[in-house]
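One chain, chain A, links the two complexes that follow: it is found with chain B in the first and with chain C in the second.
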Partner chain A sequence: MGFPANIGELTKTIIAGVIGFAVGAVIIMLYGYDPISAYQALFNGAFGDLYSFSESLANATPLVLTALTFAIGFRGGMFNIGAEGQLYLGALATVAVSFFHLPSAMGFALSLICAVFAGAIWSLPVAILKATRGVHEVISTIMLNWISQFLCFYLIAKILVDPQRAEKTISVAQGVRMPLLVPGTSLSYGIFLSFFAAIIVYLLLWRTVIGFDIRATGHNPLAATYAGIEKWKIILFVFITGGLTAGLAGAVHVMGRPPVYAIYSGMPSIRGLGFEGLAVAMIGRNHPIGIIFAAIFFGGLLAGGRMMQLSAHVPLEMVRVVEGIVVLFLAIPELVQLLSFLRKIRPPLIFRSKRSQDEDRRRL
Partner chain B sequence: MKQKSDQVEGKDDIILAGKGLCKGFPGVWEHLILDHIDIDVKAGEIHALLGENGAGKTVIANCLSGFYTLSEGQIYVKGKPVTLKSPRDGIRHGIGMVHQELALVKPFTVAQNIALGLPTSDLSFPLPEVENRVRQLSENYRLYIDPLARVEDLSAGEQQRAEIIKVLYHDPEILILDEPTSLISTDAEHLFEALNSMATMGYGILFITHKIEEALEIGDRVTILRLGKSMGTRETAKTDKTELVKLMFGEHTPVQLERKPVKSNNIVLDVKNLEALAADEEPALQGVSFSIREGEILGFAGISGNGQSELAEVITGMRRATKGQVIIHGKDYTNHAPREIIRAGVAHIPEKRRAMGVIEPMTAAENVVLKDIRVPPFSKGSFLNKSQITRHTKEIVSRFGALVSDLWKSQTRILSGGNIQRLILGRETWRMPRCLVAVYPTQGLDAKAIDHTWELFMRLREEGSSILLVSEDLDEIMALSDRIAVMSKGRIVGIFEGGEAKREQIGLMIATGASKA
Partner chain C sequence: MNLAYLWGIFLGSLHAMVPITLTATGEVIGESAGLFNIGLEGIILLSAMTGALGAEAAGPSVGFLVGLGTGFAIGLIFGLVCTYFKGVQLIAGVGINLFSAGLVTFWLIHLGVPGHHAVAEESQMVNISTRYGDFSPMIFVAIALPVLIYILLFRTKLGLKIRAAGENPQAADVAGINIHLLRLLSTAAGASLAGLAGAYISVNWLGSVTKEISAGRGFIALATVVFSGLNPLLVLLGGFIFGFFDNLAVWVATMPAVQKVIPWQFVAMAPYAVTLLVVTGVIGRARFPAAMGIPYKRE
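After this line comes the complex of A and B, so read on.
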């Protein structure tokens, strides 16, 4: 079932978006600003001219990839929120390659390879713990996200630090940077890498045997086992693939985002990209092609929000509120599904009532 | 409480009638679900509606109570034409329906459940009022139940009483019960008493069942449905079982199955001293041993819930054995993964067809190749071969007469149980498996499809497949099996040779659980 064939879903998304913008308009008005000029500024800032559209696409570039991480997991019935931590390590791995002064082609390739490997390695404990011990991925990914964050703080401050400027890492070598697609903007050729990854994931899920097995497991694990699908293989595959795209997101961002091509301490430029990817995945209904459009939209919101603040004089906080409302409304159709999904997750033993424990036992 | 006595005087008044009722769902079934049905219910009578699974009984009930809208036809309440657009309309016209599947919120009390469904909800929640009313109703109709009891603590029979009281709360004059005995096979007498006394009070009751004996016992009149058509209405006093069987199933004589004796002595499936736990961690299998030879059908008779489903699951790798051995073709497969057992040539028609047999959100084509997708020609390398899958699915669908509107678009969820069963049968048998574990293989199929399935099983047997057949239908077991095992409480209490088995003897053994003397 391809995405365009699913007109019903598309209509749902559009309706949700319209409602979201309407509610946002009411709030803007309540606080005494003009919603029409605010939205005009938002649109102009997002898609108004080549420059703003390029900025929107630049924002979308890593989001497509972190959204894919979540979407692959979700299709397999797993709730992978580990993109955040995997992305940090991917970004740092890219920087680390520039530590060694390699020829540019080799450095470029090695940067990407190290980044995806770093992401994948960071997802391995999650997969292994889940496959062997049944540790729920929400718990393990959250823990690993924190570990990753502090590990990266350490690496930025101590190992990869720029000798001249202590607040940042060394910059990625010239030859390793992705060329800009539109000069004078932040948009690099990395966007094609993102789109390419989305198409690969689409083909993987709907055209291959492993994709079939992933979707079967996601829809009905019992029937999947009955059909001879081995769940541990699916778990490993889903998390490793997710780690690959998350790591790639880190690389694409560091290699393709001017002006710094480095990471500052506290990682302000990449923090949150993993979780924003989750929102993008929800808006794109966890479909790779939907995710492309959702990421561009989300990137546009971020780019346009700045314009809304500058030209319509809506305060930044209000901009964030409106953005949040729109995203929330857009995610509602998928959130409903997500909630029913989360209900199936068994809470840790100590939080469970006697009754639900009995139910659990019966279910097994 | 409204007085019902005024209606008792006009005892033969028709209070609910349907004329020319039609209902069709496109693409799901070969005939109209309801094909110009006339039916009426008189005040003070119990009208039984009898038919096989899939005959359209529940659809009639849903149409008469406003859950479904009609495609054609007219409903009359007390002679006046009415249009029912929703269950609320049904309630307004005094029609209450008790569904086959109970719709109660388990952690709530009986009274809370009833309060949930009240038409007006203001801030003053009338719980004490509801409780009193429930006590009163349960006294009046001898449907004893404690309004303060939590639903999850109640037995199936009590839950059903709660459901009936929920409907009675709205003061209906007509009560429709959809297969009320399916959940409470042991406790039916109480329900029948209550229904009879309600009929004397002047209610009109439409009682839906697929059991002929029940229709004869409880009904004043009985209407027989077959494949969406009414086969006529009879007074139960003036009819008998033979006539009803004929109306229900048509002039259908079961296929004559020819069989040659089992040729081979090769043991395909050997089960030794198997033990396993049920979902509630109670022992489900307690030392089960048997073996099946090449080209042999071993039938497992017994009331469901005596370990048959667990046995099938342990053999196919879906449930852990706590003790004992499963040996397939001389190799130990105890507690191996389903994947390996499938590779060993064991096919499995599971009991839970919707939960285990198919993946409902996926398409028919995907479900037909659920197990075969990993091998050529359905995939080449890692990639799916859609055209081969389509070709194969078309073949299975047409060979097994499944009605599937679109192989690649619509979810399997929308198919009827019988059509899903056809897809599963096709998927599990087209390769001529060496060993087939079939649990209730003909559930939800019509008589013709059952014949085909039986013939298919005999053909598999001729080809040398070993079949473990679990069925509640003794006719099916008797017709197909070379040997018949009777299970009771997780043990095999007797194994008969097909020829020597006497129906009565097996029936008695099933009923008492006593072993062969």
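After this line comes the complex of A and C, so read on.
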């Protein structure tokens, strides 16, 4: 990935973002709200002060990890949208560890390990079905997401339920919780775990042989096969690694997110984090470093969305509408070139410099 | 267990079959032409919303038309992005799903009751009452449509052109077929059937809109298309199998004897688990157009 290529990607992302917000503004107006005050509240709530920014980072923490799940697959030419279901199980595995009263350090380590394993195990059938039977991962991951959801509903209601409060699971033990980075906010040290994972994935994809093989498979599967890369190994590696980060996302969310450190029935706090990660990966152009920035931006929108709901009364969900439009436009590979016609439109004479006026005259 | 009881299950399965069959039949048209739309889930969801509002404003048949139109409009956007603009189809589909999920939740909050909007009784489509039970008129549409689409795809010139666009767009282009236009219209026509399915769910079958009303049916429809190997007649069979298990979850929930043994959560998994198993079982047989999923670029 050369430097100019990155600039092109960035321009494209910005253009798609501008279109997304513009269409969003039109929709806000159509429903009779005020787009300017809505967007003002949105950006103040996202990046206005230390508290807002901390909340944005806290929202970004799991999103980085679920976005990595998708990005690893995408680099290998696979469309892994299974982070959602894997994240549920990762989160529940973390809670399950607190069922046993373990010493803090051991409990902490075991919580993380169980979560990543739960994610990876849930990802395994996808890889096996794809490698042996050719089942498209879009279908298998979605079906497994639904199965995971109902399995987790069962576990929350019957196995991990808090004996005192039936609407939630037991809370994660005190010693297993991640300490807060900024007191009084939701931001914990979990954010470093996310950043660390992003860097690991970057090194894995761009600095190792298996990473090269993954990218080669994604770039040109036929050529990769001729070069002796075994497809089934790539499939297995991509989905297992993706499962690991998705499971970790569930763990950091439950262990690092005050105030409850538990999961309520219906899983309102973790549902959607997998699919949002997908959008984050796309906006971050499936590059771990891009993903970090995209996740902070998107986490900011979610934090700001609450402010928008409070002060401008525009429902928080508007953020997801904008996100959908941005992703739709990012699907267009030559978005920048499509808009190049803008350059051909010449500004009115008075806005032009003396030199360009002279040029025009010469042409005439 | 008497005959009337089994008949009731059969009838329920027929009603659950309709949205899956309609959506999958539409997707067969789109995939035959070479476009793979994973945004069907979002189209069903959004059309359920617009269809319900249309029905409340001007009656159930208008609701169905609004649903159909919503599907067509979203299909056009998807088609434009994926033909003339050479977009990546999977990403565009994800964009549609995110957009629809966001907009419908937003809309439900805007309407006042968060998360749930019941369609007024008088705005719902009336089922046909017979001695053998109540039938939705849409059941007949869902059975007739795959047959019609089969004839269209395999017995007409237009069908041949559509399949050529999916199989070998270069050759079809040389033969004078406008690939982009044909693909655009095929996927939009397919998406409008998904829109019809959405309107059926809210205006006729379930009579309400929630943010999870589509419940994975768009993806189950995609699995049905895989099952059918792009043959609309097999879509009918696949749609019934998946409809049966979709209905099973509802049916079992009413039986106390079963509830004691199997928790409802495991019954609710059934449609998704069966879908996965069926797709795994039949996948080797299915054959897809050679150029499916690949944007067409003239050399």
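Keep this in mind: the second predicted complex is superposed on the first by the 299 of 364 C-alpha atoms of A that agree within 3 Å, B and C clash if a C-alpha of one lies under 4 Å from a C-alpha of the other, contacts with A are read in each partner's own complex, and residues count from 1 in each chain.
Methods note: contacts are C-beta pairs under 8 Å (C-beta built on N, C-alpha and C of every residue); 3 or more make two chains touch, one makes a residue touch a chain.
Everything numeric here is computed off the predicted structure, so don't read it as measured data.
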Quiz item: Where does A:Leu222 make contact in the superposed view: on chain B (first), on chain C (second), on both, or on neither?
Solution: first
Exercise. Please indicate which partner A:Ala71 is in contact with in the superposed arrangement: first for chain B, second for chain C, both, or neither.
Key: neither
Quiz item: More residues of chain A are touched by which chain, chain B or chain C?
Solution: C
Quiz item: For A:Ala38, is the partner it touches chain B (first), chain C (second), both, or none of the two (neither)?
Solution: neither
Quiz prompt | Which superposed partner A:Ala279 touches (first chain B, second chain C, both, neither) | solution = second
Quiz item: Who does A:Phe212 touch here: chain B (first), chain C (second), both, or neither?
Solution: first
Quiz item: Once the shared chain is lined up, is A:Phe79 touching chain B (first), chain C (second), both, or neither of them?
Solution: second
Quiz prompt | In the complex with chain C, residue positions of chain A that touch it | solution = 27, 31, 79, 81, 129, 133-136, 138-140, 142-144, 146-147, 150-151, 153-154, 157-158, 275, 278-279, 282, 315, 317-334, 338
Quiz item: So in the complex, which bits of chain B are touching chain A?
Solution: 152, 279-281, 316, 318, 337-339, 342-343, 348, 350, 355-363, 366, 370-371, 373-374, 379, 382-384, 408-409
Exercise. State the interface residues of chain A toward chain B in the complex, per the touch definition above.
Key: 1, 5, 207-210, 212, 215-216, 219-220, 222-230, 355, 361-364
Quiz prompt | chain A-facing residues of chain C, complex | solution = 38, 77, 81-82, 85-92, 94-103, 105-106, 109-110, 216, 219, 222-223, 226, 263, 265-266, 268-269, 272-273, 275-276, 279-280, 283-284
